[in-house]
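Both of the next two complexes hold subunit A, though its partner changes from subunit B to subunit C.
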Partner chain A sequence: MSNDFSIHVEHLTRVEGHGNIELDVKNGKIEKLQWNVVEAPRFFEAMLRGQQYNELRPITSRICGICSIGHSLASLKATEDALGIKITEQTALLRRLAIHGENMQSHILHIGYLAAPDLLGVGSVFPLIGSKHTDTVLKIVKLHRLANEMSDLICGRTIHPIRLIVGGFSAIPTEKQLLALRKRLEESRTATNDVAQVILSVADKLPDFTRETEYIALSHDDEYALYDGVINSTDTGKFQDYKNYQSITNEYFVSHSTAKYAKHNRKSYMVGALARFNLNSSQLHPKAKDIAKMFGLKPINCNPFMNTIAQLVEFVHSTEDSIHLIDKILERGLKEEKPVKVKVKAGRGVGLVEVPRGILIHDYTLNSKGYCTKANCIIPTNQNHANIQLDMEKMVPEIIDRPPKEIELTLEMLVRAYDPCISCSTHYLDVKFV
Partner chain B sequence: MKAGIIGVGNPLRRDDGIGIVLLEKLIEKKSDLPEGIEYIDGGTGGMNLLHILALFDVALVIDAVKLNGCPGESKLFKSEDVRSKKSSINISTHESDVLKIINLSKELGEIPDQLFIFGVQPKDVSQGDNLSPELQKSIPLLTSNLKNEITKIFDGKRK
Partner chain C sequence: MKQKPRVAIFDFADCEGCELEIADLEEEILSLLEIVDIVSFREVMKEHSDSYDIAIVEGSIMRPMDEKRLRDIRSKAKILVALGACATIGGVNKIRNQWMHDEVVRAVYGDAPVQRNELFNVSKTKAINEVVPVDYYIHGCPIDRDEFKHVITALALGKKPEIPRYPVCVECKKNENICQFELGAYCLGPITRAGCKAICPTHNSPCEGCRGLIKKAETECVWQVLERYNLSYEDIRRRCTMYNYGNEECQVDE
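Moving on to the complex of A and B:
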């Protein structure tokens, strides 16, 4: 093959937002290799300044149409931290259920619609219809629908929740609705297992690539951390001083990207399902552990392509833990609770949650009237950009003798494995066609 | 029988949002229309449109469609009457071809028994939140055409 070639993937498909991959090879040597984020900035942090404490949640929800529940929860936790509000146990349980709903929604969307086509050798989910995989697509669609309806039930809407408010919930589901959801979650197990079997049958298409890196996720003593926990790193261990999170994320600018990059103990780190798995896998539900075992996924796994498998593992965990949470909520007895009363005061609060793509941090400073004077949002995809770049730099020399088309597809698959949410990480919206 | 009217489009892309604008007009005039219809803002569609379609036995999708006509011109058709001209087979989380979603719904056996599309020819789909003057002017006529069609569709007079 030729020693000179270029790969330019403009607006990589099957990811959220717009990013480009650029590779120039001359005389068999890499001259340029870049993961470029080309979205325009969105200025959400500036929009928050001057807004009252109860407006911060509805505004930040709009950062993302996929992680709107996660942004809402990070926002509420930051606001409640600033105002010194302690939420009730029931609110904490329902919020955990909400975050499972979003995790399931987002993960099945990525596994089924965005990642699986690469493994099945097609350009999108559409050509799979009418093939031997029609039944699998139908199962994926139904699992996605269940997760959507679960989010709708707990949060009042599939995306951009309306029931999640400062200090609690504006409305909660009924016991009957929770029991119906529980039944549907139980019934979904068969479909999930069938989808897992199909992914397993093509798992050999996941490139065999590893690069040691630092993995960062929240960890919690009593549970597989999603809603709550302390920052934990595979390199440096737990970091209790959550308000000083900047000493972990260390965001910085690079000239070719509109998104910030982040680094901690090494030149890059990874967040997301694989990072959570690598740090907290012992706390997964046994059924989720079975899925990990089925795919030979063990901590610490340094193959970024396995992030999709870690998402599948988490999908099962979220299904099972949701059933457990519903039981717990109903055992305690579902109560109509008024949101905790707010006493407005000045202060700074930081909220950390694990959203589908990794740690999400909101940091607000409020004045004595409860208006936001400063805001900072650290998005998971930002924290992954540097890791994607360094993965590419290790991977391309390993596969440089392959045909350019194959190199291109492998690079695309690498970026997709991170399930990047590019619009969130830069902050824009580009939509639709006629 | 579950009946739904689904507006699709992006109001931040001017005339692309006509489906949503007309949906809102219909909601205002709900009392003049047959009872028991659910009105849904389908936004920019995407895979979520698939879940919405699965809810109904009879549905009408309102969207901006390139009809090769004058701006504001409208046409009622069924999905089987047309074929997508878009070459992309990819989807992202933000966009996908409405006709491909309808086709997927059909293949999955979830499509409404009766599915109509009310298409409106856009003029300007650049970024911005105002309709073009031509479409703005057509709203009363489009709304009245829609009302006639809706009455026929949901009374079972149009097959």
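Moving on to the complex of A and C:
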């Protein structure tokens, strides 16, 4: 048994943003075990004060490069809620397509570029090129490109979308472009299945670890919730009063982290693909359910490492539902619509969406001239920090007899499994003390 | 054959969207690897080396601890490239500079015990060139992938990369867009550096100035535009604060 050792992972790699892992073991006992978020705080909510209602979307998009479409949609929903704007059905359908594009882009990036290298025993995706996995890497690249080009088509740009504006779209794709996208989505099925097979062949490298926790995600009566829904918990069920979301998220401050932490019914909860799967798996597309079955993923699964598999399941769902949405949009007939006219008024609005890493909430108060006086954003990764910490505390004693290098890799893999987005989580304001 | 330049990519306070734009080069990143060696890129690789020729730095500088890290990177690099608006001009991170530093900290941390905590020791947002000398700039929020390839290829060949010094309007006209002012919007195209292919107006959305303001001598036309469309200087100035707060004094000069 290793008696004394320390693990200090400074600026964990292959995650978005800056986080450290610290573990000190003396005489076989854990003296310190901490997940630290050291990213510079960015004060986004403070910066929104005094901005006009139509500038909140472009500014909050810049909270995160990976989920800028999600931030944009949460922002638009909050602004439209405050101003009492009802969007058209076509806008709602196109926005759903936008969120699928982002979900696919972010998930395949995490599965292929960030998580898979651990399963294949390499430091990054680069050494895989030229190995026996070249073909798989190229398929992942192809799927990533498709998801990005889908987002470009709907939003004008994948990273920091342009066309998403208050009340609708500044421009929309043509029927011809949507049909071409539909064809590519259909053709991508083979590549997705091949990638899934490769992941399956190394799935035994995913640590067998479980810890019961609370899972929170949006749920919707008619669909696998992403763009719309009500807050739902595996512990306490549905929560209809969306404007009072703070009674669920309960953010609090810890001194070793520039990101807030959150808790609800227990000491921590988890959001993201696995939480959504655990709450809403019955509404997945049958092809997505097949993938879940292939990996033995069943609700309620309490192994955080399976979050990556839940992302793969969602990738398939988003592909299939996008095809369905394109059909629906074209059946209705694509129309050039002007964005809904805005009548500026004072009010508060809250927008909730499911983004790749979990439930995202924007909350704005506008004055009678349409300028923001108060803002709050609840970020998925913040809601996961406490859960990561508690997972580490349960996991390390279970593996403490293993070589320190292996413990280090397993801890890194655990954090990566959450696909944390640390830039997002240090946006900060309105700290609530508990 | 001459050894390939060793490139390291670093990030500070930002959304990492510009690094993601590099990852989004997809298959083209393989061609890039034929002319440079990427020796550090934390967002996508575990390997890291402190021996590099070209440092590409993304993000704004917020804390003394970050300044220290940036100076260390500068001392190791022969060439330093600022990547994206947060690094080149401070970008949206500078919006908060309009408030007193103490006020922002209080607004954010309230009574939390953060005074002696290094992690929370935040000062005014700085662009990279406010801390260390910068050799080249890749502008934008996010960057344009073609411009990134252009700059890196030039550097790999030992050439000086050229980037546009004319306003976005030039590229916007080339795309045959209807002028955003004609559509009743405030657009920063006349005073913003081109190189983005006028992507925002091309998607029917006004320019927000993310590539930084061009030199004063070339901004005379903006007065004509404001007069013609009966717009106030205050309105256009307020729009400028989204990306260029306080940047009249620290314009990029190359």
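By our rule, the second predicted complex is superposed on the first by the 425 of 434 C-alpha atoms of A that agree within 3 Å, B and C clash if a C-alpha of one lies under 4 Å from a C-alpha of the other, contacts with A are read in each partner's own complex, and residues count from 1 in each chain.
The criterion applied here is as follows: contacts are C-beta pairs under 8 Å (C-beta built on N, C-alpha and C of every residue); 3 or more make two chains touch, one makes a residue touch a chain.
Not measured: the values here are computed from a predicted model.
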Once the two structures are overlaid on subunit A, check if subunit B and subunit C clash or fit side by side. clash
As a test of reading the superposition: which chain, subunit B or subunit C, is in touch with more residues of subunit A? C
In the superposed arrangement, which partner chain does A:158 touch: subunit B (first), subunit C (second), both, or neither? both
Which partner does A:180 reach: the first (subunit B), the second (subunit C), both, or neither? neither
Using the superposition on chain A described above, determine whether A:399 touches subunit B (first), subunit C (second), both, or neither. neither
Report for A:43: first if it touches subunit B alone, second if subunit C alone, otherwise both or neither. second
Which partner chains sit in contact with A:14 here, subunit B, subunit C, both or neither? Use first/second/both/neither. both
Of the two partner chains, subunit B (first) and subunit C (second), which one does A:66 touch, if any: first, second, both, or neither? both
Who does A:144 touch here: subunit B (first), subunit C (second), both, or neither? both
After lining up the shared chain so the two structures overlap, which partner does A:130 touch, if you call subunit B first and subunit C second: first, second, both or neither? first
Regarding the shared-chain residue A:93, is it in contact with subunit B (first), subunit C (second), both, or neither? neither
Once both complexes are aligned on A, which of 92-100, 110-118, 146-154 or 236-244 in subunit C overlaps with subunit B? 146-154
In the superposed view, which residues of subunit A touch subunit B and also subunit C? 13-17, 65-66, 109, 113-114, 123-126, 129, 138, 141, 144-145, 148, 158, 423, 429, 431, 433
In the complex, the residues of subunit A that touch subunit C are 11, 13-18, 38-43, 46-47, 55, 58-59, 62-66, 68, 109, 113-114, 117, 123-126, 129, 138, 141, 144-145, 148, 156-160, 162-163, 165, 170-171, 253, 255-258, 423-424, 428-429, 431, 433
Would you tell me which residues of subunit B are touching subunit A in their complex? 9-10, 12-13, 15-16, 44-45, 47-48, 50-51, 54, 64-66, 86, 88-95, 97, 100, 103-104, 107-108, 122, 125
For a test of understanding, state which residues of subunit A touch subunit B in their complex under the given definition. 13-17, 65-66, 109, 113-114, 123-127, 129-130, 134, 137-138, 141, 144-145, 148, 158, 423, 429-434
Subunit C contacts subunit A in the complex at 11-21, 23-24, 26-27, 30, 33, 38, 41-48, 62-63, 66, 91-93, 95-96, 99, 104, 107-114, 117, 119-120, 122, 141-142, 199-200, 203-205, 208, 242
